[in-house]
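Below are two complexes that have subunit A in common, paired first with subunit B and then with subunit C.
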Partner chain A sequence: MKSPIVSRIALGLYFIIFFGYLMGPLLVMSVSAFNSPSFPSASPWECFTFEWFSVLWHDRHIREGIYYSVIIGLGTVILSVSMGLAASIVLTQISARLRSVYYTMIIAPILIPGVVIGISTLVFWDRVGRFLGAGEGSLLDGLFHNGLFLTILGQSSFIASYAMLVFVARLQRFDPGLTEAALDLGASHTQAFRKILLPFLRPAIASASVLAFLASFENYNTTTFTIVDYKTLTTVLAQKVRLGINPSISALAFAIITLTILVALASEAYRRAAQRKEAVWQGKVARPAARLWPAWLRGNPAAILFVLLSFTIIVAFGVAQRYSPAQCKIAAREAKQAEIQRSIEELRARRQEEAPQAPAPTTDTAPAGSGAFGNVFAPGNLPGAPAPEPAPEPAPAPDAPANGAFGNVFAPGNLTTGGDN
Partner chain B sequence: MSTGVAVDLENVWIKFGDFVAVREANVNIKGGDFFSFLGPSGCGKTTILRAISGFLDPSEGHVRIGGRDMAGIGPNKRPTALIFQNLALFPLMKIWENISFSMEVRGASAAERRKRADELLDMVALGGQGDKLPSELSGGQKQRVAIARALCANPDVLLLDEPLSALDLKLRQHMRTELREIQQRVGITFIYITHDQGEALTMSDNVAVMKAGVIDQIGSGKEIYDAPATPFVASFVGENNVFRGKIRSIDGTRATIETNRSGVLTAEITPAQRGKMAVGDAAMLFVRPEALTLAEGGTDTGNTISAKVVNEEFEGNTFSVFLEGDGAKPIKMSLPNTGQTRIAERGKPLTLHINPQTTVIMPAGELASD
Partner chain C sequence: MKRKLIFADFFRNNGALMGSILIGLVAFWLIVLVILPQISMLDYSFRFNLPPAEQGGPKDVYTLSNYQHLIYGSDETHQSFNTIDLMVFLRTIVAAIMVTIFDIILCYPLAYFLGQARGMGMARLLVVLLIIPYWVNEILRAFALRIIFGDGGLINEALMLLHLTSEPIDFIRHDIALYAGLGYAYILLMLFPMYNVIESLDRNQIEAARDLGASWTRIHRRIVIPHAKPGIASGSTMVFMLSAGALATPQILGGPSSLWFTQLVYQWFNNSLNWQQGAAYAIVLLVATITIVMTIMKIFRVNMGDIGK
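So, the complex of A and B:
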């Protein structure tokens, strides 16, 4: 008999490790977005704050980066989805022997390093520009050195391949007889494409667009070469890392993570609702009678989670309008100063002792030294043990006001004094 | 209602690379005819239909519709409408949109289209189902939608590719009569494809029987049944007992054949093969189960065979008696049920008379495998 308990425990352990590995960094990053120290860290926990979101919002570079990332993303979606669609349709039209060669060629850009694509895009379009005489005074002047133009072209050259894969998968399920039926009924080839194939491909177009946008948005390798004098979010972030970062990047990460989860939940909820509707159409499920909940919410955990999460975010925003961590920060600073003060005094006391006596054994100073570091090395503060719940003050000072990590966030008295961010 | 338009295939060859799918087809289909192509699966029926509807060009020869050569005219410009083997209803469109698709591509208004679609839905007995999706209909209903959709295009020729093969037996029989009625009502030329000889015989004015890309015979159902041109047609259309042998003598339209195991038999040479046979040729004699009768009192009229009974089946209107045969297959005899309790016991030898008028002799050839 194999022990089911052992294997279940092993499986549970595996899941914990696996998800810890996947989610841990995201969690630490998210926590650090709300911690007040100016270097992103989840511990020691100092003060709960929304200020990094405000810093993020007011960071001109990041805002411009996002703006151009979105523009490039949209351009890439248009270009790569149309190229991928065309490529996949060609693939279904050609002979089997030609198909494998063609397929390999179209897929190749995915395998080529992004750096290579970036550099070659730059070189290639420069040549094309020269060939077309796009110099001073020409109508095309500057186009072939324009960062947005080049980045869209460079990214699309491999994102189109991803898009094509999405279309190929969908096209495999298309019955070419439908196009023939349309032609037989008098439709032109254009009409058959527009009225039959395109509606069938609509879900694939949607997913290819999302995929293309995300791939474009997060691309760095190619973009860093082709962007020239523009910037995207990724290039801005890379620059920031070089110049030293602050938790506004964690705040950005948190926003992106939240957005991703929301979009994923929304699409899942939508998918389930659509499935439900289809089942009702096909008569597999009885048409649900009107009840307390709208139909799309009922029996749909994704939808419920989505609503709850949205609600939480709205509440958090509401709180952020009012809450100010100023008090907590002052307290933290005072605590720190008190700490320093104390060590100085201890030091002074020791000096005074040293003066009349012989040199004291060094071991005496050890406990005092540990105090100077706060309790950084106390087990409770180990990095990797993030404290999302109100953590104890890391550097407990006897004279610090007894504020929790959240300060008096939820104390009614606080609400009136805050509101300056 | 449009009157029928003639369809002619003139020396049509269709090749896929080295493979010849259709060989030298010469067919003249009269306007308003219900014409069937009958043949086993893979013999090139669909290929011929696709050449008529314009989805492929013959490698050689001409397709004429209403006397006009169709070379270079695409499927969307031909006066034909095809009902596909799998129906090919547009899954994302409602029934009425499916039916009126041919009007939509011509730019008709939604109100016009809806009106015409409703008329056609009434005609195929699907009134009030216009707002459903194809996935919500049953097989037989989809079938009728496909017919309505094709008719909506006002074709001069309707092409049907095994439209009933996916239906169950009961529905299939019902749709046979229905299709025939629709054809008579609209009066256009129907070209129908099937591998089911029963369908071909019951519905068609004329039938072309195909074998591996070759048209063996064209004629009315009765001609094909009574006077098959080749051993393939004789064995594919309806049931037939075959006796192999050599021609012993020929007397006008009659021949006498020395069979391998059943003695000497005399019968008509099938019309298509008259004048093409000589004494000593390998030949086949085909006898329909209903052309065999019990020779009363064992009188030998010179055209009888003797065989032992293997099995007997009662089928309501007939008795089927199986006897030890010439080859691997037993000889089958059908006798009408006239109140007898049974025909014969197992193992009993019977003497059977062959009616020479409804029995044919032809040169030996390939049989339909079944």
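So, the complex of A and C:
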């Protein structure tokens, strides 16, 4: 606080560092989703392309992973929200002496490392199966070694704690007198619960469900142990990232980021619109006259941004159907090939007799259907030190209109390089 | 006797049907999903890894050998201590503590700024901005850092462009990428509890202290930090537990020669198929992390009830 200017600058610098750290990686990843090299990178910019989105769309493993993730997510929401709700109601009624012990017990699952939860679930149900004498291949044995069953139980055991926290926050504002009044008027306990407490808790149930679903969808540490022979989106992703990667994962991340921004804008816009409506209703603001713009757009920057962003996405979709970076790719490949040719010649000059053992041209063997992945096998990539792993599971060829470019794998330029060696 | 009374009260308040549903759900959760699995894992960790035919037979007795393996190594190696695994364990704990401290330092100013600038449109926008990386998958976030820290990544390119280095630095081998990734993965779990607590601080307290001539550091040391203590404790606990128990980030960003302790557990389970050994390592991880959290909470006099606020 020596001088306001210095502290201002320091604050600004700190903000830049913090948000750079937080947003920078996401930005770079998003950029790499549109760059054509088959190893995700943003900096040597080659060609603007949409092909990674079509690779992503045709990836069978990711689709299956999303399917099972959604199933597990729904199961986890049902189980964990009801357990969290019950636990929070019990917490409001428990005697003060037991309260802290009980609270420690229901909050503890958050603190247990996910790995430990996964292992203990796996071990326990294996043991239960053996205790019940479920033989190999019997129905119970199948259930207790079923990845979906185990994953839902394992995830619910700690996601219920998150749900419980949401409910506790809401229940603090509940007036127990309402339930008592209902009971006095002759309602049964079940009726009182259904007609009084449940409607009061509805917003909390909604937000707890969203939270539980997202937590389940994102979970990796527990799932990787309990999933056995199924796969979820996260386990597929982890496998892809650890083994071979191509920018289709960046494309997925970009899609998630865009979706998040859209949802955030939509909820902000909705909040503003509701506020405005309230203000109009109370007579604080004059009712807007009908004009060119619909009423909900005016004075609502979030709504305007939302509309603009949706519009951009639609336009991008349209462009992606027609756009083909063929020309640019040929140019980039030629430049790369010229460089490789030069280095090969240098090597040749040095080694004289020993012909450089350049890798055999895989172009001929590459399946014609592997479309976008043909680039992985392009000779240009092979001499480079970190040869990308053959991309996992070549996807079926992307949509016809966008990929006139891929035939270039067989362009004469590629074949001559191979023939030279 | 006392216990019975509490239960009777509970059923009188909720009715027989609702009461049993509530109790049943909570009991199912705590006993079947949490306590029994932990106990059976503990039990597993004291057993030998036997083929299915010998399970339950005369050889199926309790043993400490799985824990001995962590400390002394297997018999074949003839070392006095299992230095490799112990070093991995130590490194995991120390690095998780460092990551936590790093996140506290990085988040505190922003949490203070956001908490005190309440109601400003700018602050709202910042909070919305902060939520975006939060919903992106942990694996994808680690992947993003891998793009940046790679050999031909942005940071190496920038360093070479500025002639600060002539060769690309291998951030992944030196684990810089791993530490940055762990700090990155859980930073918001530090920020939001801190922000929530600081937001509830009465501005007048700070004004009063300033009017009375307190210096800027003194205001923070005597007013803001004591008030924010539960939030800091809550955030630190989450960040420490999650980074010590992280699996995806070390798998993606960890160097080829250095492991994280959870990776050892993973290997015992999935590569060696020795569940007993894996369970023992998992128990060690659980006990160690919980002990550290409890100790630190005791030192700073924070209650368990502050967690999760």
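Just so it is clear, the second predicted complex is superposed on the first by the 300 of 421 C-alpha atoms of A that agree within 3 Å, B and C clash if a C-alpha of one lies under 4 Å from a C-alpha of the other, contacts with A are read in each partner's own complex, and residues count from 1 in each chain.
Just so we're on the same page, a contact is a pair of C-beta atoms (placed from the backbone, for glycine too) under 8 Å apart; a residue touches a chain by one contact, two chains touch by 3 or more.
Predicted model, so just to flag it, every value in this text is computed and none were measured.
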Problem set entry | Combined model on subunit A where subunit B meets subunit C, clash or fit | fit
Exercise. What is the contact status of A:D175 with respect to subunit B (first) and subunit C (second): first, second, both, or neither?
Worked result: first
Exercise. Regarding the shared-chain residue A:P4, is it in contact with subunit B (first), subunit C (second), both, or neither?
Worked result: neither
For this session: Answer with first, second, both or neither: which of subunit B and subunit C does A:Y14 touch in the superposed model?
Result: second
For this session: Classify the contacts of A:F225 with the two partner chains as first (subunit B alone), second (subunit C alone), both, or neither.
Result: second
Exercise. First (subunit B), second (subunit C), both or neither: which does A:F200 touch?
Worked result: first
For this session: In the overlay, work out which of subunit B or subunit C sits against more residues of subunit A.
Result: C
Exercise. Can A:S188 be said to touch subunit B (first), subunit C (second), both, or neither?
Worked result: both
For this session: Aligned on chain A, what is the least Cα gap between subunit B and subunit C? Give it in whole Å.
Result: 9
Exercise. Do subunit B and subunit C touch any of the same residues on subunit A, and if so, which?
Worked result: 188
Problem set entry | Of all residues in subunit A, those that touch subunit B in their complex | 175, 177-178, 180-188, 191, 195-196, 199-200, 281-283
For this session: Sort out for me which residues of subunit B touch subunit A in the complex.
Result: 53, 55, 74-76, 80-82, 84, 86, 88, 90-92, 101-102, 104-106, 133, 135-136, 149-150, 153
Problem set entry | Partner subunit C, residues of subunit A touching it in the complex | 1, 11, 14-15, 18-19, 21-26, 28-29, 32, 40-44, 82-83, 85-87, 89-90, 93-95, 98, 100, 103-117, 119-124, 127, 130, 153, 156-157, 160-161, 165, 188-190, 193, 214, 218, 220-221, 224-225, 233-234, 237-238, 241-242, 245, 249-250, 252-253, 256-257, 260-261, 264, 268, 386
Exercise. Which positions of subunit C touch subunit A when the two form their complex?
Worked result: 6, 10, 13-19, 21-23, 25-26, 28-30, 33-34, 36-38, 40-41, 44, 55, 106, 109-110, 113, 128-133, 135-148, 150-154, 157, 184, 187, 215-216, 237-238, 241-242, 244-248, 251-252, 262, 265-266, 269, 275, 278-279, 282-283, 285-286, 289-290, 293, 303-305, 307-308
